[in-house]
Structures are given as C-alpha cells and as structure tokens.
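Here is the structure we will look at.
A, B, C and D are the chain letters, set down in written order, and residue numbers restart from 1 in every chain.
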C-alpha cells in the first residue's frame, strides 16, 4: 500500500505528527547484520528539530526504540519495528486553521481524499512522517557499507545562493558538511545560505533550495529495467518527500540543451584497468542500470508553505473567503534537516536494488 | 517485477527491438469499457518510426492485434493481451558494435547485469519497448474519458529552442500540436525546432529537449500518501522512459529560488463557487494528492546517444581502447515521437490512481 | 514482503514471542470507520493465553494500544499502528534447547534460513505472532459489518471427537460457541473435546483438530481470477497459521469421491426471488468468485509439537544424537485459542476482496 | 493483479478459451538459462486435450511460440512472452447456455462480477487458461534442475479408486506414471481408475479425485515467514486451479486425529551424517520453511461440472426456472490432464522461493 516503500528491502512507516508516536517496520533486511540503537539514533539526531536557528524550535528528542527484529545485536531477518514517541506536540495553534486550508499545504487535498483529517500539526502530511524513513535508512546504510557503498548529500542551493558540488571522494567531506547548519559543502557559502534563511524568517517568509546526493562504490548492474530503472526509483523516492517539486540525475535538465557529442560519456580504461567514463553526465546510470560511476541526483524543494504572514484562503465550513496567519513552529527552510532524509531515501533505494541484484546473501551470519 | 507498471491498472510489457514481436498485457481494466483495435492503433501511429524527416526511417507499420480481454467490443475485466509484430528489423549494423559499448547507451550496463545481451537494435533497452506502453496507454486514456480526464503533451524545448506553454483548455490545441512534426504548441517555434533537429542530424549529431504534459479534469483526491504520492508516481513513470534525465512538477526547480509568499497558490472560490487556486505553482498536486487544478509536469530528454560520428570506447572482448561509428537508423532527437509516449505514461498513472480512489466501478456494464 | 498480508486491506505484523512487544500496522482501511480500542481488545481477549485449563498458563493481558491512524474515534485512512507489550516472558526453559531442534517445530528450519534464531519462546515462529493478526482482524470485521458480512468459526474436531456443523444463521450461535472452552457449537460434544485435550495433557502429549469457518452475507462477485481466487486466498490465509496442515472449501476432499451429478449445486430462485443453490458443496465459491451462498472452509491443525515427554533429536553444536524434554508453558491443543485467529484471517481476506471489488468508498465519512 | 503469480519468478497469464490465443509472460527468470521451444512444448503436450479416451476430444495441438526473452537459446533476463494459438474452438454448443448458468460452474459468478462474460467455452474461467501456467512451469522446472530440485505428481484417487503413494526416489517412476492415461503410479490401479472414468462418462456424468505432488532435492531454508510460508504458497497455488476444493501437506487432515507424540517427526543424522527425520508427517515443511525432506502435498478435485445429463437452473434473462443439458466437448474427469498442471504450479512456487532465498545468481552466464 501507499505507506510501503521498496520491494526487497521494504519499509512501512506510520504515525501522525501530533499522535502518540511515529515509527517504521523494516522487512527484508538480511539476518545477521550488526545494528545498534545508537547507530539509528545518530541519524535521527541529524533530522530532529531544534538543531539551530534555521530550524523549527519544536523540542523532540526523537529517541528511538527497537521493538523487534534484532537479537543479541544482530538482525534476525524478521521485521524490525522501530518507534519514536512524541513529547512536545502543541496542537493549539492549529485549531483556528481547522477548516481553513493553508495555501500550498496538503490540508485541502487530504480533506478531499479522506473526508476528515488529523489537522493537528499536519497529521500524517507533516514532515514528521520522515522520522521512520530516516530510522529505516540508518539500517539500509549499515547494510550498504558491507558492499562498499556510501551515500552523502549536501545543500547546493538556498533561494538565490548556490554552492558548487564537491568531489565526493574528498577526505573529510562528511564532517565538513555536518559542521555547518545548512549542511553545505563550502563553509563560506554555508554562511550566505544561513543568512538567506534568516532573512526569509525575519520577513515572515520561507525559502526553498536544492540538495544534491551522491552514492559512491555502487557496482555496475543495479537497477531493474524497464519500469524499475534505478534513476526512476531514485526520482520516485525523492519525490515522495514533502515539498519536493523536481528531480534530476547526472546532467539533468542541462542535457536537454546540448548535443549528443557533448552529453555522451566516453568509455575508457582507468588506471586500474577498469571501465570508466571521462565525464559523468549520466549520473552513474545508463539504461536504468548503474554503470560503476558515482550516482548523482539533485532534488528541488519549494519554500515551506506555512508562513506567519497573512494569506487569503477559503473557510470550508462556510464556503466564504477568509484570511489566515499560520502560527505554530515551522521551519523557514526544510533543506538543513532534509539532507539526512535525502540520504536515507537514496540508501533505501540502493539497499533494495542491491538485494534484488543478489549483492547480499539472505543471512550475513558466518557459517 | 520490473516489467510491470501500476497497481490497480497494471501493464506488463515484453519484447526486444529486433525480436519477432513486442507487446503488452493490461490487467485490472474495469469490464465493459468499449475499446476498438483502431483506437489503440491511432496512438501507435503517433509513436511509429518514419513519420517525418526528423525521425528514424525504420519502416514499421506497428499494426496491433488484440489477443484477449475484449469481447463484442468491450473489455471483459480479464487481461488484455496486445501484440505488434516486427517487420523491418535490420541487425547488420549492430554486429560490429557487439562488444564495443556505445557511449551514453545501455549496452555496457545491461551486459554487466545480465551477462549477455540482445545486441540487435539495443534489444529490450531500445525505445521500441515503449510500443507496449503506448498501446496500454490508449486503453487508459479511453477509461479516463469516462471521468472527464484528458492528457495532452507537447514539446517545449529542443536544444536551445524554447516554446512557451499553451493554455491547456484552448480549443484546437491537440490538432495544432499534431500538425507539426515536433509536436509543439506554436507552429512558428515548431519550425525552428525542426531546423535545430535537422542541423544536429546534418552534423552527425543529436539533440535533446523538454516535453510538458498536462492533465485536465482530474478531481481532487487522487494520489496515495506517503510513498505513492501522485507527483512521485508521475516522476517515476516519466523517468522510466529511455533518455530521460529529469522531471519537475508545477513550478519545479524554479521554486527552489523563490520565497513561500511567492510560491504558495492562494485558495479562492471561482466563478462556479468551486475551490481553485489563483496560480498553479503546485502543478495540481499538494501533499501528493491532486487538488483539482490542471496537473502539469515536464520531463527532460538527453540527446540520443547513437550518433554516426567517431567516438572512443573500449572493446570488451580484448579490453583495449577502440573507436566506433554508430550506423543504423536512429532518431536524431527523441522528442517528436516521445510526446505520445509521455501522454501514455501519465494516462497510465492517472488510470491507476483513479481506480485506487474508486472513481470507477469494477464493471462499466449498465445493469 | 513476507510479513505483509493482503493487497487492498493490508496488514504488516512484527514481533518475537519474548521480545518487548508484538504488533501490526494496517494500511488501506477506508477513512471514517468508527473503531475503539475496546473493540480490538475484545478479540484479543478471545485469543489470549490463560483462558482455561485447556490453554497455556502464560499470563499475558495482551492489552492493545493504538499509536496512529485513528482520530476522534474514526480511522484516518492512514496506517493504523497497534502494539501489545509483552509482560510474562520466561525464556529460562528455552535455554537448554538452544541448539537442539524440537521435533515437529520450526527451530531447525529457521536456523537454516536465517543463520541464527531468537530461540526464546520460539521467537517469531511462535503463535504469539498471531496477536497482530487478531488485532487487525478486529478492524476488518468492523468494516465487513458495513456490508452485512459476518464471520464465525468453531471447532468441529479434537483428535477423535467430532462435532457436527451448526446452522450459521441460528440465533445465539456465537454466544453458545463462546460459552465453552473449546469453542464448539454443541455444548455436549464440547465437554468430550475438553476431556480429550485434558487426557492428552495428562499423558504429557498434545492433540490436533479441525476448525470450520463460515462467512454469511457475502454478496456474489468477490474474488479475483485467476491467481487470487477467493478460495485460494482463504486457503493461503489459513495455511499461514502455525500448525495447519490442510484446508478444504465446501464439500472439500469429500467431492473427490463422488460424481458431478452429486456435487453440482442446483440453481433456483429462492423465496425472495433471488438466485440460490439447493446444496452448498461449492462452499459459496464458484470459479474463484463468491456466489452469494455462505462461504464455508475447514482447516486442519496438527497437535502442538512442544510436548513434555522425552524425544530424540540432534545437538546441532556437536552434531550428535541427544534427547530432550520440552518444558515451558505450551498449549496441549491449539484449537480453542485458534478459533478467533481463524475468524480474523477470513475477515482479513474478505475485507481485502471487498475493497478490491469496490464494496466500500475510500471514505466512509458522510458528505 | 489477479492474473499474476509469484514475486521473484513471476508469471502473467492471459487468454480466453475460444479467443484467438492464450499465453503467458514470465518475468524474473535469471538470464543465461538454456531453454528451447521443444522443452516447453513437451510439457504442453502432456496437458493438451485429445490424449486418450478419458479426456475431451477437442483437437488443439497447443503449439507454443517464444516471442521474447530468449536469445541464442538462452534467457535474457527480460520478460519471456509465450503464445499458443487456438485452432479448434467450437462455440456453437455454448450459445444456448448463454443466460443459463451451469450448476457448479463459474458462469453465474463471473457474470455477477464483470457484468458480462465470454460465454464461449467458459471464456477465461475455462481450464484452457492453464496452458500459460504449464508453459511457464516448464521454464521453472528447467531452472530448478540447476539446484537439483525435481517435481513429480500422480493421481492417487479417482472417485472411489485409491492408489498408494510411490517412493519418489524410485527409478523409472516418471515414465511409469506417464505410461498410463490417468497418470497413476501403479499400472493395475490405473486401469481401475480408467474404468471409473469411463463408467462416469457412460452415465453422462463426471468424477473427481486426488493428485499427490512431491518435490525432491529441496534444500532446507525455502519459504518466507509469516504470510508467505512455503506450505501456504503451495496451498494457494494449487487452489487457484479450476475444480480444486482442498489441499493438504504431509500428514494433512489425518494429523487432526492424532497426538503430538505420533505426528512429530524425529530428527536424526542419516547415513551421510545429514539432518533428516524418521517420518515425514510435516511434508518437508516446518514453520513454513523447507526442512530438507521431500515436500509432499495433495489436492482434491471435484468432478467436472459440465455434464450432459439434464439439470435444473435459472434463465437469467427471464428469471424463471429452466432445464439444461450441457453439450460441447468436456473432460469427464480433470485429473489425467491436471497432473502436469499440478507439477507446473509447484515448480512455479519453488522457483519463486528459490530465487527469493538466493539459490541462483541473477545471471547464469559463466563469467
């Protein structure tokens, strides 16, 4: 169903923003994978609110519990149930908006689909739903390390501020990204980005941006033609994130403007005598299947729709025009916290396709 | 599996480019839908090769046969098997390339995944695989008309040439698009686009572009949170097409550059007293669910990788450098023939989600 | 994946017998269904251990919590997460068996599949896994009542003791079944059955039996040809229960012994002028689709494999013969507690197929 | 959807009995498997009509064509499309029955589900639908041989005539079964069975029976807990066959009558020092996972419902009582031709679960 992601490495998420808990069930992970609560918590800490001045001040520790599927520090091969209890929900600010759909938000569409809606904190349409994705992604990442695959993301645009792409193999890249609040690869540009977010916040407004994600160590052969191509799976995965409006792989939309002699990546034998391409316009994927080069994708996020300035809308109870100001605690920009979420989604895709390609046995227990 | 698309309206495609036939099996279409061979053929004719100077001259009539699932002019509710026999395959040009992967093409990755490969005409990695999609899409479109939903696509960019988006409700739009070989909405720009393609062809090169697709008449409520959001489904669908490198919905990547007060679409009651938005940056989808406005998406195609100028590559048999010239009959630009394919994919997504939302009964037979 | 059941009404279960919790996530239930914690608890109480002298004395209250998917007493249409915390696990009796597979039990096969195993209480191979099924089944049953469908099961055999099938429309049937510890339709036979179980227990042995399940009010038209026929779905569902060894529908294996003129159910118009059959050898299903008559199935359970008498086996650590006595708290017969589980599984199948046939809208909220 | 079987080794079948063709698309078979048209045809020949006096005289050669997925004698890893054209359909005998549902047949239920129905030869409810299963099963069987797995079935009951189960490892068993028209393991009992069928036919009647199927060489570890247990998958698979009314595994319904000390299979180390059980009441499956012993299942078939003697029914056009005699060419007993179909279904289940357990690489091409 619609809250399930993946075919071989499968994640089911559940939970409403202001409900008692959110969580995930992961099914299909091979048995014998060593995983600890702390490894999962570490990723959740990167996603949690209240990290800096550019994120929402909602105070959630997002402490994860493992309820099943792990025994004596190793996965059992059975469903792994993870739960995070909600501690700091404050629904009072949402009560006045109950019948007044916020512009740019899911309020109206969820009401039309389901007939009623958990209006508290956006219910399941809230980005709080991604807690389960990040928790599951932590397990996927641990599994991928067995195959030498690593996933890293970083912010390359906040509104008008652009940051160039780093070399994904550069030592210290991950810690440099993690050391600034917007999670950009260049500390100087990061400061400009932070300023852009704070300026929007100051103006009772919000701002969008772009995150780039790179997977290194992916062997050639992952991806399932024709309807489950690896690039289609990544596009699908990233477009399920709240506030996303576009995805591109490798050269992306830029390739629509050039000729084949410019976009084709030329094959050659590299220093180790292995097949490689001189450029990577393909973003590591040809014909829907990985080609051994780094996989590169970018995802565009719109500015958060919840802004505290007055906006016109319609009161659905009376079917008359009205005006609202969205109070509550909202991120003025989703990108800083979205970086680990983007990584999680790409890790989930790669774990799924790695299993389908047979990169791992069903049991990692040494026999 | 990987050659299956959709959950409720489900399509399985099969076939290699130079094999005896290609086809599709459609499962899940309600019973009682009137459909004729001619209605399916009409869409295949829009996709078939040899339509104009800007497409490949391969001479396939692509005549479709219905082998099951239709009885007395109406669908039975059982699988609809469609087959198109191949008439004009010429594999001779591919023999020299057998172990020499074309830059930018799936040759290498399919070989790595499957261990061997039908090298004739690209095998299943060929765009000929989309015959089954278009045939299935014709049935999806017929079904959608029952719910007042229409899907139309057109070329908005060929290399450097850009064509503005038309009003999707404008009378005569479909025939105007169909009346020029590049399928653009503006006949004057279409001529420039055609020239750009012919110039690339003349230069033994190829060129990319962008197609925009619009669905009108989609009621609010289609799309399944959280992992099968309607925009994610469209992105997935379009990124399964050969040569695609990016997808965006509504304001797309442009929304990464603006503030929330600019990107939010304001709700109001329109002339008929119905909910509507003053702008459509959302592209008709909020929180993954349709909002009643036209659904708008764009997909970027890279230039075809098969170009007749010399290119370096590696001979996999000897693992030495080599140089190739790709002969054979190739499109210098995929967009003119991709327009009906893009429409088919979006129609398949919408038919699937319309069924899941309960827009149609299981049987359309009047009782 | 393998811990997911159903396509439209979908259940994911998780949890190990002696882990901190067991639970279920239900996805696909229409929004607006009224459901309370108590309604779910009521079904769990029928399944819980310690009900009588013929069940295990393990003391679990099996108190359920609803963590998501229900708001103001109604389903949201989002995943419903249910959890039951484990209170009375005692793993000490299992430690000596850690490397000594019990005859007739899953110990060995799970070890071979997964490389290691949660040996405490049988881990996920324990019948405790069915807690999630019964909880989910309670929601399915509530949904089915909207369509006038009711599911009832009862024990028809314990070892050599056989109880005739009751009339499913007989008033008071449900409470009569519930009023005896073996859940048989005839109180006198129930006493014999109880005696048979206690005799087996006394002999440090266990005993098997048969449960019959009937669904009334099922309209004609449910079931999906050809691989998801309603009878195949019921057989599948029941055979996923621990200790089951066979399933039959309607006349079942008995029909293998007769001629067509005896087994064919003759069509006629009943008192209300509706289509009906004079006999019900089909068990309410023809060609995989319900025919409007009561659906009738039977499932055979083997005796529980965990018996306290000495049995030979192999020590997998030393690969030598050994002898074990299975201590711990085990049911001498699974049938009394299996009756609500069988009902739950059939309710899950019918809810799934009712949704697929379009018996319910996506939202039950009145508009 | 409902015409798809399997998750990893996946089969889609299509076609109506008197339509132009029937067929199957197989997706998920590893690449590099050697398979010929003749190997598939051989299995279809065992299923085809007109083999003997105990089968229908309909004259179909059932010649199969491979349209995709096989290249230079080996599977490509892409969908394998198989088609069989219909040559000898005679719909005239069905015309009088168009609105008069045959007792015991799917006519009425399919009409209720789909609103209309291909009444010619039973349409897709006909056993002719199994052509695609047998063709796909031939490929599954070829794949299983790579892992040393063999599947064999035989008739053990026709009406009152019972044939004891053979030793599945006995040399020459397959050819002995194939050498008599009812496909029983004992030639003497086979003659009695043949007589029972001919007696029923003579009496314008039909007769049911039981087929047993055994899989040898299945390693321990196949089967997916908890909802896709191997025995549940086999039960599901067999119950999708037309005319089936029950399935049992190993000791089956007989185990409902005994005690645990009798039904438990005792573990020991066999002559080769490998784990084995002294009895096989489990039928080779414990906790839903194969245990290394032969897998044994039995399936009950009712007598064919189409019998040429007068039967009462209802005319749906006039809603009045009527009487019919079913003409046309029908099998008086389905079992002789069902033996290869049962084998095909079990082979499909095992191929699917073998792939899921990782018994085969994605490519069998030697590298």
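Note that in this section contacts are C-beta pairs under 8 Å (C-beta built on N, C-alpha and C of every residue); 3 or more make two chains touch, one makes a residue touch a chain.
As the structure is a computational prediction, the values presented were derived from the model and not from experiment.
Fewest steps needed to get from subunit A to subunit C, stepping only to touching chains, is 1. Remark: among chain pairs B-C and B-D, B-D carries the greater number of C-beta contacts. Among the other chains, the CA centroid farthest from that of subunit C is the one of B.
Centre-to-centre separation between subunit A and subunit B, using Cα means, comes to 27 Å. Inter-chain spacing, taken between the CA centroids of subunit B and subunit C, is 46 Å.
If you average the Cα atoms of subunit B and of subunit D, the two centres end up 39 Å apart.
Under the contact definition stated at the top, the residues of subunit B that touch 2 or more other chains are 1-4, 13, 78, 113, 124, 221, 225, 357, 362.
Against subunit D, in their complex, subunit C makes its touches with residues 1-5, 13, 101, 103-106, 108-110, 112-113, 124-125, 129, 157, 159-160, 200, 203, 205-210, 220-229, 231-233, 235-237, 239-240, 242, 244-253, 255-269, 273, 275, 277, 281-283, 285-292, 300-307, 309, 311-314, 319-321, 357. The touching residues of subunit B, counted against subunit C in their complex, run 78, 221, 225, 357-358, 361-362. Partner subunit D is touched in their complex by these residues of subunit B: 1-4, 8, 10, 12-16, 19-23, 25, 27-28, 31-32, 65, 67-69, 71-72, 74, 76-81, 83, 113-118, 123-124, 362-365, 367.
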